[in-house]
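This is the structure, below, for whatever I ask next.
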Amino acid sequence: MKPSFEYAALAPIVIMLTAGVLSVVIEAFVPRTYRRGLQLPLVFVSIAGSFVYLVSSATAILNGDAAMTGGQYQGLRQIAAGGSVAIDGPGMFTQGTLLLVAFVGALLFAERSVDPQGDAFASRASTLPGSEDERQFTAQGWSQTEIWPLFLFAVSGMLLFPVSNDLLTMFIALEVLSLPLYLLAGMARRRRLLSQEASLKYFVLGAFSSAFFLFGSALIYSVAGSMTFGTVATALTDTLQDPILLTGVGLIAVGLLFKVGAVPFHQWTPDVYQGSPTPLVAFMGAGTKIAAFGALFRTFYVAFGGLRWEWRPMMWVIAILTMVVGSILAVTQTDIKRMLAYSSVAHTGFILIALVATTPSGISSSLFYLLAYGFTTLGVFALVSLVRDSTGEATHLSQWAGLGKKSPVVASIFALFLFALAGIPLTSGFTGKFAVFTAGVEGGANALVIVAVVSSAIAAFFYARVVVLMFFTPETENTADVVIPSYFTIAAIGISTAVTLLLGIVPQPVLDAVVKAGVFVR
Amino acid sequence: MNGESVVFWITAIFAVVGALGMVLSRKAVHSALWVAFAMVNLAVLYFTLQAPFLATTQIVVYTGAVMMLFLFVLMIVGVDSSDSLLETLKGQRLLATLFGLAFGALLLSGVASTIALRDNGLDVANGDYGGNIQGIAHLVFNRYLLAFEVTSALLITAVIGAMVLAHRERWAPRKTQAELSRERTFTSQVTPLPNPGVLARHNAVDTPALLPDGTPSQASLPKQFRETSHEDEAAKEVTS
Amino acid sequence: MTAALIGLPLFGATVLLLGGRRTNAWGHYFAVAMSASSFFVGVATFMSMLGRSAEDRTIETHLFDWIAVGSFQVPFGLQIDQLSIAFVLLITGVGTLIHIYSIGYMAHDENRRKFFAYLNLFVAAMLLLVLANNYFLLYVGWEGVGLASYLLISFWQHKPSAAVAGKKAFVVNRVGDVGLSLAVMLMFVTFGTVTFSGVSAAAGNGDATSLKLIGFALLLAACGKSAQFPLQSWLLDAMEGPTPVSALIHAATMVTAGVYLIVRAHAIFDLSETARTAVVVIGAITLLLGAFIGTAKDDIKKGLAGSTMSQIGYMILAAGLGPVGYVFAIFHLLTHGMFKAGLFLGAGSVMHGVNDDVNMRHYGALRGAMKITYVTFGLGFLAIIGIPPFAGFWSKDEIIKVAFEQNTLVGLCTLVGAGVTAFYMTRMMTMTFFGEARWEKDVHPHESPSTMTIPMIILAVGSAFGGLLLLFVGDIEAWLEPVTGFATSTEAGGMAWLMPTTLLVIAAGVAYAWNTYGRRPVPVVAPAEVSLLTRAARNDAYGDAINEAIFMRPGLHLTRALVWFDTKGIDGFIGGFAALIGGLSARGRKLQNGYARSYALTMLGGAALIAFVLYLVRL
Amino acid sequence: MNPNNYLILAGILFTIGAFGVVVRRNAIIVFMSVEMMLNAANLAFATAARTTGTLDGQVAAFFVMVVAAAEVVVGLAIIVTIFRTRRSASIDEANLLKY
Amino acid sequence: MQLTTLMLIPLVGAIAVFLLPAAKETLAKQVALAVSIVTAIDAIRLALSLDNSSGAIQFVEKHEWIPAFGISWSLGIDGIAGLLIAMATILVPLIIVAGWWDAENSGRGTVKGFFALILALEVCMIGVFAATDLFLFYVFFEVMLLPVYFLIGRFGGAQRSYAAMKFLLYSLVGGLFMLASLIGLYVVSARTLGQGTFDFVTLTGLHMDAGTQKTLFLGFFFAFAVKAPMVPFHTWLPDAAAEATPGTSTLLVGVLDKVGTFGMIRYLLPIFPDASHYYAPIIIVLACISIFYGALLAIGQTDMMRLIAFSSVSHFGFIVLGIFVFSSQGLAGSSFYMINHGFSTGALFLVVGYLASRRGSKKISDFGGVSKVAPVLAGVLLISGLSSLALPGMSSFVSEFLVLIGTFSENRVAANIATVGIVLAAFYILWMYQRVATGEPSEEVNSTVSEINKRELVAIVPILAAIIALGIFPQAALKYINPAVSDLQKYVSVVDPTPAFGALTEGIGS
């Protein structure tokens, strides 16, 4: 029988994969000097193309679908590629967010005029740090254009991850997404020892957690007879509380919670955020979290929906741990990137509240929160990459003293992002938090909301501390200076600021889109 | 105790011994060999589980290729690198055993549930398309076609990764033999630099050799022993 | 018309205060004119009231609705009736005289303008107090008077003791005002209204306890303002102010406000026996206390202040005796207003003569040098100790007679009081005007200028014939009867023996004082080792010491403890909380020790935790 | 012989692999332990295939091998760079990023 | 659209001032002053044109903002809100005049930044009082913190960043608990009314069961108790008030803290009537503690600004006491008290600001004999001090007495305690005045403390005039407050207790 392969639905993933392959071809055949000139257009065109296609197919299906199902809006509903991909409202919205984040991420990747030696990635990753080779390669201005195929493959992995409809495809998407990021993490141009260490840690722990995921899916498969979510969900309902099932759910949870950065599995986040090159941290911080939460929601709402009363207490414990540890550990950080890493752990905790709510508003609020959080992270890390001193990025907080006076524009935009992360009204962060907390209370997780309120109070302290450091403390001699970037980063910062403000002041259109996205397809 | 359980119990014990061997052996190469041994046992188990294709791929791909890659890397890293078994991190071993046992116990209590899995065998499935391999092929190219295509991306990433991180380029074209000889001869020092102490009263390392014209050659002294004042003189000697 | 009474001095005060330097030249004449014109308006109103029949003498004028919230309606209305016109005449009359007197007294003080502005402000506030038609507006006047007394006591601001005295006076008055505000609240809660007419109408069906409570609250207010027993310590310190201030405020008008309040609220006191007994007790105590303090004071003004305290004790006692005593309380108040103001002005001119020295031990034989002051002070002296033809006798004698009728013990107190009053007044008279001259070296006393002596003469005449005039010609009993109600004493003239005994007691007091101070030479420096009683009298019967010990010192300790608690306690707690988070965070950071294997260990632990939680759920 | 024994064996191998990751210091041995855990998962998949009578398990095991191969390549590449920089393959050497 | 235009004027002003080149300082000040005067006029016109026949909310305007959460940009004012806005907008121009040189003296930050922040603060102040959508109220409640945070942090005294951080954290934590209750309210309204809403009017109609009311009430009350400093949560006020410039402290204490008590009146009582009754006794105890605690601490202070701050803590104790007594006098008294306190504390802060800017220090011990050196300045200090201790004839007396009489009818013990409290008020004010103004001036005081100049007079005289005018004609303000209070009482379903022994109710006066 002929394999069913709905190109229309899978278009975004297919476009990105072909772009990846094409960029490998460019790497192979085009001489070094022209490679960048070809890679950049390929990347931006492919992302833009797949986004345009996604939006058009979404509206088309939407109208068509609405017509088909007599107007009562049931959300986009389609199982594709022989059951291994589920294209539905939330899936498409996550893919849309991912493509936007990838676009801005690509802008940051392409930035070359911030670092005098070139872009943020090492001229030759294989050279020994501090060796003659490295000095020569840098002097001759070599640049590692292999980052683009890796970037494209990572994006395609992220696109597939939230929409995969069976455990095997999800595992493979997880690997496709993670491997390029392990590699990119080790290719920083500055402080290469730290970068290599970050990539080693990310790799070892990533492989470790994917093994858990795999064993969990094996156990689920042994009970349900198939790995597709639909059949798993129906199988769960009739088998009584089979212990193998719950162990499987637990192990899969370990795999996914690692990717999201929830507390017992969060220890990689600070080291990787601090070690890896900043453009990667920006893209990975936003992209991985969005994709991983997409997958987490799909698995726990569709596949294990029936076992809701079993896995909610576990998620309660994880959410509380994540929020509390995330915000408390961030208080005494001295490195700006590590502090932002812990704050990202705290934000994971807030989104877990929406997961625990197990209500349709839970899905829609998490989608909104991830969109808002994604762009704020991109903006924050884009700005961090601008604050530099002679040796590279000035990430120690003492080097940020008095930045408000030295370059008010960058400092005030950074303050805006910090307020967004803290959740001050009129910023996207606030609307996101409000939506998530409302979903939490509707889902009966009142205690979680109280813990969230307390931890965001603690979070407000260390955000405010940075604002005080920038605006109210006098300038010292080792205050870093701010580099004027090229249009790439300016565009990236501009987009993120605009999104952060718009989603704070006029969130209504996006909130409508999110609600219209509806629920997961079975 | 029919044939299958006999085979199971032997290979199972060997597999567990292999795993333990991997964890507990001091030398890295021994661990690699223990792992290979355990994998072979697993291949045997696959045969009992009516998965001939899997068993062969296990032997050929996994044990053959992947483990060999490990051995190659071990050679790069140093075959005799062995790390002492005493623990550096405080409390790591104790906690590791504690958590390991706890996790193992919970896992096994979950898995060894009272409900015996209904074992309805694969004869039917293997028979559908005329054999195990055909069945798997049918599934791979029908049901999991997207997964199959996406793994290609995975493999390309792996290749690029290996190239990026491990392959060392040259930043200047390789010097041909002619260039090397011209470089040596045109530089001032054609004959090998004199050893310290040559044609001098004693062969202590800090006694400078004498040049044909009788002046002491600073260049012959190791860097540490040259008096600072003569530093430039030595340099001039080399380059002139 | 009645509004003009208050308006004129208020207008004077605002003009002078806002005028600034420009009004310095004619400021004081303008103030005197305002006060005098207010007096003439008062007299005119008095004449018109005389013309009308007894019932419709009260004139009620409603200016506007001051506060209207829910059922709490407070009109800004003025009411002038027989009782208040008496007070108006006293205030404006004595006030104008003292304004004239202060022209001389304050001649060479550079912010004289501000002094006259405050005097006018005081007169306006006192008039508002007596003319208000409801207790709430009375409260406003009450506090206004307190403010004016604060400003005037601490007028010489550069003198720290004056500032302290001013603050003390205001704070102690504030304590009294707590009583008044509680009374107003009680009235509103029980009667639903605060106007005099409303309260007296509804008093009939008030329950005993709330009437008693209102009575006690009003008494507390009266003690605050009229320096009665528990709150009397401020009056003696108030002498720091210039003498005209002491004369006007701390003799004639302000301190009598307490009596006015009790008489005005007679409807309440008539109905609650316990409240009246409390008033009598307080009156008696203060009467004896004031007299006792007066005996040992060397400062002439403080002596007079002690005597004021005891005379007001008489009035409060009389008012406490119920309907039979109200009239005589007011009668004694009016006569006391005149002769005490006269005495104070006399003391002022004496001080003026001896370069502002207040210590009587540096006086002696001044009758030769200051004839007019001697004569006027003498007439005032004779009036206060109660020698028959003079004003003091009629009013004080009536009070003693009524006191004996009600309760012999109270009567005895009044009698002893009269005796002691005679003693200390004679002591003052002899030490100042008789005996040999104990003046300081460069002191050569001279008579005060005419602007000071004329008011003294008028007041001396008042204190001489005032009593006769009011009792027989004006027939004060009949005049006040419709407002305060007046019950003639039960057995008329029964106490025939009373008149001679009081005169005998007074004579004994005079004689004893004469032979201790008249004949023997008075030591210039106060003898140190003296009897326990004299020493107690010298420091105002330790009134201040008691206040200090009970309220001030523990209060300051409490404040310091609270400040410590605030900074260490609450801030400490919050700081501690923040430090806890900081500590937790620092320790938590250490967990992230950089080893990939320990991260793997935490992950394994996390997996075990998840498996365990799911296991628990399964049970 | 009920198939649960296979699953139990897989569980034991998985736990030993996990223990290996946490205990051993040499990066390559740690990586081998991860491979051992993946093998345990493969065993579980194969068993599940037989008990449920569907071949999906074996396909999954097959895909796992492919993924494991890719993962090994990337992992060893990273370990080689670490080795070249620090002259030692011990995973504890990499502890500059902390607190 | 009147209220939005009222808010737009200062907003446009703030942006305009901010965009001016930094060098043109005087122009920035003049623009700021002009804008604030225009706003004040417009606000007063609005307040006066309120028809006081009914207590309902007027000038209502409603535009959809985030329909998904039932949030709309809806504004509207009743008597109390109208007067508070008028008071706030009157204070701002006076503060600009008084703080003409504050920005320069602080030596940090640009002058235009200072005035732009003040105008931005004014926008938030109007917004917070005019919002009738609970979410909009919350947004302004939080956004208001930023201008003050930067005003204190940038232009404050020595310990400014500590004080600014403490202020921000206290209010933010309070705000966050309010957010939790706000969400709870939204979810409850979604369950009962089908579509969750934040509209104040519909929410009052929502009759929740007592249990949920109690929990939600706590979240709101905690935020308001932190804002209007009640005792356990007050430690931020003295630091913030002492460190900020006098103008900022006036706005901080005079208007911002009113948001707490205004929130109690506008949102707690109508939406959570049963919970208000349930918690009333405890809150009354807390209020009495605040009265005494604030007064006693004021006595123990050595710094003038801190003394005034603690006196405000005591005044807020009165206001909260008046609110939770539910009698019409109590409620009217506390609403009127909010307005008077704004003026009297404002006057005090400005005068102390003048003294501090002359002498360069805020310590009481550095002063003495000011009345000899600058009699008019001492006179103004005395008048504002007297208004703060509620001397009759001044506005705060009327409001304080109304609060006391309101409390008396409900809970006599609390009334007695509070009445005794006013004695302490007299003590600390007069003791401060005595140490500052009376006695011999030391030679530093002689040299530095100059007489009050024309600019400063222009700033303070209107406030004193307002204090005295409202003291004599309180009905001018009470006539707007009474209808709003009677509405409030309907919500809390409380009727004033009739006097125990009603007099034969003949007409009283005209």
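Chains: A, B, C, D and E, in written order; residue numbering restarts at 1 for each.
Everything below uses one rule, namely that a contact is a pair of C-beta atoms (placed from the backbone, for glycine too) under 8 Å apart; a residue touches a chain by one contact, two chains touch by 3 or more.
Everything numeric here is computed off the predicted structure, so don't read it as measured data.
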| item | value |
| --- | --- |
| Any chain that touches subunit D and subunit B | A, C |
| Of all other chains, the one whose Cα centre sits farthest from subunit D | C |
| Most distant chain from subunit A by Cα centroid | C |
| Most central chain, judged by mean C-alpha position against the global CA mean | E |
| Selected pair, greater C-beta contact count between A-D and B-C | A-D |
| Distance between chain centroids, defined by C-alpha means - subunit A, subunit D (Å) | 26 |
| Separation of mean Cα positions, subunit E and subunit A [Å, integer] | 45 |
| Centre-to-centre distance between subunit C and subunit A (centres being mean Cα positions), rounded to whole Å | 80 |
| Cα-centroid distance, subunit C relative to subunit E, in whole angstrom | 36 |
| Residue numbers of subunit A (touch at least two other chains) | 125-126, 168, 172, 175, 179, 182-183, 186, 200-201, 204, 208, 219, 222, 243-244, 246-247, 270-271, 461 |
| Subunit D: positions in contact with at least two other chains | 7, 10, 14, 17-18, 21-23, 25, 30-31, 47, 51-54, 56, 59, 63, 67, 70-71, 74, 77-79, 81, 91-92, 94-99 |
| Contacts with 2+ other chains: residues of subunit B | 89, 92, 96, 99-100, 103, 106-107, 109-111, 113, 117, 143-144, 147, 151, 154, 157-158, 161, 164-166 |
| Chains grouped in pairs wherever the two touch, ordered by label | A-B, A-C, A-D, A-E, B-C, B-D, C-D, C-E |
| Complex interface listing, subunit A residues touching subunit E | 419, 424-426, 431, 433-435, 437-438, 441-442, 446, 449-450, 453-454, 456-457, 460-461, 464-465, 468, 471-473, 507-508, 511-512, 515 |
| Complex contacts: residues of subunit D adjacent to subunit A | 7, 10, 14, 17-18, 21, 27, 30-31, 34, 37-38, 40-41, 44-45, 47-48, 51-54, 56-57, 59-60, 63-64, 67, 70-71, 74-75, 77-79, 81-82, 84-86, 91, 94-99 |
| Subunit D partner contacts - residues on subunit A that touch it in the complex | 125-126, 128-129, 168, 171-172, 175, 179, 182-183, 186, 192-194, 196-201, 203-204, 207-208, 210-211, 214-215, 217-219, 221-222, 225-227, 244, 270-271, 274-275, 338 |
| Subunit B-touching residues of subunit A, taken from the complex the two chains share | 1, 3, 5, 10, 17, 20-21, 24, 27, 81-85, 124-127, 133, 136-137, 140, 142, 144, 146, 149-150, 153, 156-157, 160, 168-169, 172-173, 175-176, 179-180, 182-183, 186-187, 219, 222, 242-244, 246-247 |
| Partner subunit A, residues of subunit B touching it in the complex | 106-107, 109-111, 113, 115, 117, 141-147, 149-151, 153-154, 156-158, 160-161, 163-169, 171-172 |
